[in-house]
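Heads up, the next two complexes both have chain A, just with different partners, chain B and then chain C.
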Partner chain A sequence: MIELIRKHAWVLGLAVLLVVLLGVTKLIQPNFGAPGLESLARSALPFAFATAAMAVVVIVGGIDLSVASMMAVCAVTAAVLMERMAGVPALLIVLCVGLAMGLVNGALIVITRVPDIVVTLAMLFVWEGVALLILTSPGGATASWLRAATRGDFLIDGLPKALVIMGLCIAIVWLPIRRSKLGLSIYATGSDALAAFRSGVAVDRTRIIAYGICGLFSAMGGLSLAALTGIGEPVPGPYLMASVAAVVLGGVVLGGGKGGLLGPIIAVFILRIIRTILTVMAVDPNVTTIVEGTIMVGVVMLGTAVTLRGVRR
Partner chain B sequence: MSMADDTGTDSALVRFGRLLRDNPIIPLIAFLLLLIVVLEVMRPGIVMPIRAGRDGLISTFWLGNLIKFAIPLAMLAACQVLTMLTAGIDLSVGVVATVSAFVCATLSSTLGVPEAVLVSLACGLSVGLVNGFGVGIVRVHPLIMTLGTGLIATGCLQVYQRFTINSGTLIPGFLEWLGTGRTMGMPNGLYLFIPFAAFILWLMRFTGFGRLLFALGSNERAAKLSGVKSWQVLMALYALSGLIAALAGLLYLGMIRAPSLNLANPLLLPSVAAAVIGGTSIFGGRGSFAGAIVGALILRVLDTMLTLMQMPEGARTALFGLIILAVTALYVRITGTR
Partner chain C sequence: MTDTPLLDATGVAKSYGAVKALTDASLTVARGEVVALMGANGAGKSTFVKILTGALKPDTGRIVIDGREARMGSPAQARRSGLVPVYQEPSLIPDLDVRDNLRLGDTPVEPFRQWVEDLGIKGIRLSDMIGDLPLATLRILDLARALAAEPDVLLLDEMTAALPTDLVERVLKVVRDRADAGMGVIYVSHRFTEISQLCDRASVLRDGRTVGDLKIEPGVEDRAVELMLGEKISLGARESAAALAARSGTPRLSVKSLAAAPKLQDVSFDLHAGEVLGVVALEGQGQDELFDVLAGFRKPTGGTIEVEGRPARFAHPSEAIAAGLTYVPGNRSEALLAQRSVRENIALPFSAHPRTWGPLKMRTERERVDYAIEKLQIDTRAQGEVQRLSGGNQQKVTIGRWLATGVETLLLFDPTRGIDVRTKRQIYPLVRELAEKGAAVLFYTSELAEVRLACDRAVVIFNGRVVDVIDAADADEPTLMRAAYGLTGREGAA
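And now, the complex of A and B:
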């Protein structure tokens, strides 16, 4: 019970921190309002999907270093397909491609018995290469409705479409899984694979499916990248470090079995809004990178220290 | 007694498997030789010029080139081997090497060469100390800590670069000699690498520090209960790793002779691959630097093969990844270890 409260306290604390940071932004830049929120949500979109993807595999006890590369593959696939065919089938194909890539990752991990981190490191090269094969230089096009879907506000002012899409996509995929036997298996496998196996959980299948979900989220991330830029970019973006930091900050324990997706998503927004604040303060973008990195590392350090103290007590 | 029985009843294959398990470097060297044979079949004469009608049984030019480009990779792989022994990893080595090379090249013209080299090494050392602080004292996961410091160092490098954009670059002569010169067909880099490799091998096998690394990686709790102060060991380990990465960056600068903000970053993932192929367990407690050297050589031969096949960039990258995976999987299958 105390454990439960503490877990929720973490997410709650993150939410409070986010609100405080939003307040700080408003304080520094008084005319920060709906447009600012909208661009914040838009820029956070690919990061949020990358983080969701990473969170699922971290919960199952693995890690996927190839998330950014899979996103690149999906982005170029989307850009190439949408240049030639209707948007909706292309969208579905991209989602299937992402799912397939994730399943391949998971299957390779299970079949070869090589540690997750090594397999996905190798697959990072592979997917990056595949993206370069599909499109050697940035190009292609995305359907105009997909681009429009991420811009502007939804129904009321101050509720960005990007945020709604993000919430819907992640909820549609994750909530049914979380509530089903599969979700239980994922958490069981993450906390103790051997115990889960002995209590009759199909550990291997669970892991493969978790990687599949990771691939699916990566596909969404890739689609959002294509939607934001309007083209396909074959070089993976800086989503690996950002997603790991957000996952840890979001209260998911590296090693598996603990945490959810809500915390990491809030963490993504916290990390993005720090960037917004720095931009608003007219800090040199290069210095911003340093500050952002320092904050990421500092927060992770603090989080780890707090967790350790909690364990000791 | 039972051992004798086992060997008496086991099939030759099982005994062979046990031999390989006890000496993981044997299959690695066999694989390296196999790759070289394949390379020779693909392009007759590249390894053995005598077959193409030229002089020499083994091409010293080819061998020298292979070794030359494997050296920086093997040095960075040393960082990975050492940190992986304690179940860690150092993902900041690529950036550290780049920073050290860039700082050295830009400061040499203004500060003087010895000072520039010292500052470069100090940069590597300080990044390593930050890593050590995060991993050893705050207990952040090494993967995240080193990724994060790598990110910060990249940012610092970009800011630094804007201040030095006008000062021009100078590559110290002795680094150029070390990086590009040859003695009897072999690269001069070996003058740096052979003592370095001997030092690492000695460090891992014959010193208390090396044993502490193995102990921490095999069972951290047991090591702590036996009185090992893990934070001191980790601090020293990551500082050493940063120093090695900076040194590798200096050597690489002499080799490439064109400092850039992205000089050694592409070496990061191959360095992890070299360590893993060389039989170092990412979970700690098991690893060998000799294996990592062979792993670096294997990766370089593979690279040559892919270049020879004139693969498009994408296919090369993808195949590179698949081969790393296949080699690791095969290795795990043969030796039965993780």
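And now, the complex of A and C:
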């Protein structure tokens, strides 16, 4: 039990922080309740998927700067397709498009041996262009059931549908992988690529697949964007830096091998709720970003100091 | 033992560009046989090991395991073919626990536990993170994992390098038992005591070629040393008559019982101004740690350093530099600004001196740089970027810059690694000149023939301890080689 706590100390700490922040919100805004939670979950949806996408590639030891652009491609693809055909096949096509974009990113990195950050920076522009080719200005339509799926509460008040959808989608993709040898390979590759190679891990293939999963989560993020807005928006939103921030805050080490998806997802909510609190307190929006950045540096520094004291190598 | 060998590798060759790392290596291992793979530094041993274990693809060559031609495209394929290695550095994943590491390679857990116990490690839980375990334990876990996979052929690469003596004994016993039960073992090691205790046969590599097969019997050491050395291309004779430096007065650098766990155990020597002191050691005997400590990269775990008679402790490289200790890494790219000109690179330590903040004294700088360039005979399209120079010329720049700047104590770590003979011959006089100008030079080289040409004396380090001090006049290669293998009779360990 103590071991379990020690191993997941970071995630537990984040969860406690989140609860505290929810309490603070309730304190300064007594009428914060189920509707507030619902809108919080809804606004967090695309951020959560972007963060899950980023977390997987950071765990494998890379980084993907094209996450927001891939989300834009998927959002416009969804909007265009759903205007013309049935929703379910359109949704499957969009997921495949996301997966394919991720695999292309991964394959380029592995084959060319150009650093991840350079390849995905280039692909950021490529996918951005592709999105604008598909749809030059915001438009299209989204299936009504998709829009409905992200609104309101699920069964009981205070359990937003958006949260359930988010949890289900990420769990369905990630949990089977996490428990399989592929998941181990992803962690192994990110932790020490040479040792993984020597242990018999197909390092190159693992990296490509990790980027594929990143693309798949990006597609979900794009779909959630289309669902929230009801249309497709070809210009990428502010999801790139936000996802990196949540990943770092969530205890995934840049460089790879450490962390999971739960921490980053909680971190998404922490960052969103801090924004809500600051808005409620009528803080100047420009100061808001300063506070967000400061909190991030503070939390990560604190965490590093604590872990460094624990482990001395 | 059966007639068909368990492992039969023939005609293995590998080149990196123009450099031939292996030209014709071969190795056979019969069932139940332990074969030592030996070779001096740079003989191609590690390349051969990488090829055998699938980490590197050979240009030519055939590897047959148990009658089937093995395709060694990756370590995973090598494992499936029945060859499981334990590498010099642990190949366990630091961020996964023991259980996950086993799952990664499909290693059965129960046999693994059994082996860990047999090898004498207690208190390992499957939930322990690899990153939290000490190095010696990791080597044992690595070995246990390999044994649990029940390989046809087990390859141990410097398995015992980081192990305490009692664990070494255990390992040797377990490996011998497995061999007696029919496993084939390739044992890569520098340690003759272990080889003669464990192995049946030794295969010797020299200059990328397998040059001999020796039965392990009393007196085999001399034969092995002879084979490893072979005939070398002459590096030329020492030009200046060995004007022995006056070794009196306070030494420039005095090291006493210096230790840096785990590899560097106990090293003492005095280095005087005007002297070039060679350091001779096989790979991984603690020389890396010694230079790291002297350069301030790493803190010693014991012993003292005195500079000009005053005790010194370096917490940071800048403190070592301030004390006049200048480190020149063997890896040129660590020392040079690849995209800047030769001129700037030579002038760098000169103008980057902490006290020179103001405008650079261009005139004195230019004069000194010109002097160095002429002295070095750097083929000067020197205005160009350093990265365009050949490796040899780059190395001349890393050393020559100190000629321009002036230096008190120079720590040269294998300065002639991977450069051609002609350039090497230009580097020795350079080192000598630095010494004649009053510098004290500590000169580690992996090429034994260089000791006579560049040094006044040489300390020989084996297993982290100084095992011998040899005057340059007596430092012929066989003497040095024997000493480097700890065969002086004064040996401290193992």
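The working rule: the second predicted complex is superposed on the first by the 277 of 313 C-alpha atoms of A that agree within 3 Å, B and C clash if a C-alpha of one lies under 4 Å from a C-alpha of the other, contacts with A are read in each partner's own complex, and residues count from 1 in each chain.
One rule holds in what follows: a residue touches a chain if its C-beta (ideal position, glycine included) is under 8 Å from a C-beta of that chain, and two chains touch if they have at least 3 such contacts.
Because the structure is a prediction, the values reported are computed rather than measured.
Once the two complexes are laid over each other on the shared chain, residue contacts for A:Met123 go to chain B alone; chain C is not touched. Looking at the shared chain after the overlay, A:Leu184 reaches chain C, while chain B stays out of its contact range.
Looking at the shared chain after the overlay, A:Gly257 reaches chain C, while chain B stays out of its contact range.
By the touch criterion stated above, A:Val244 is placed in contact with chain B alone, chain C being left untouched.
Set side by side, chain B and chain C differ in how many residues of chain A they touch, and the one touching more is B. Chain A residues in contact with chain B (one complex) as well as with chain C (other complex) do not exist. Of all residues in chain A, those touching chain B in their complex are 63, 108, 112-115, 117-119, 121-134, 136, 234, 240-241, 244-245, 248, 254, 284, 286-294, 296-297, 300-301, 304-305, 308. Listed in rising order, the residues of chain B touching chain A in the complex are 89, 134, 138-141, 143-145, 147-152, 154-156, 158-159, 162, 269, 272-273, 276, 282-283, 312-322, 324-325, 328-329, 332-333, 338.
Put simply, chain A touches chain C in their complex at residues 3, 181, 184-185, 187-188, 190-192, 194-202, 257-258, 311, 313. Note for the complex: chain C touches chain A at residues 53, 55, 74-76, 79, 85, 87, 89-96, 100-101, 103-105, 127, 131-132.
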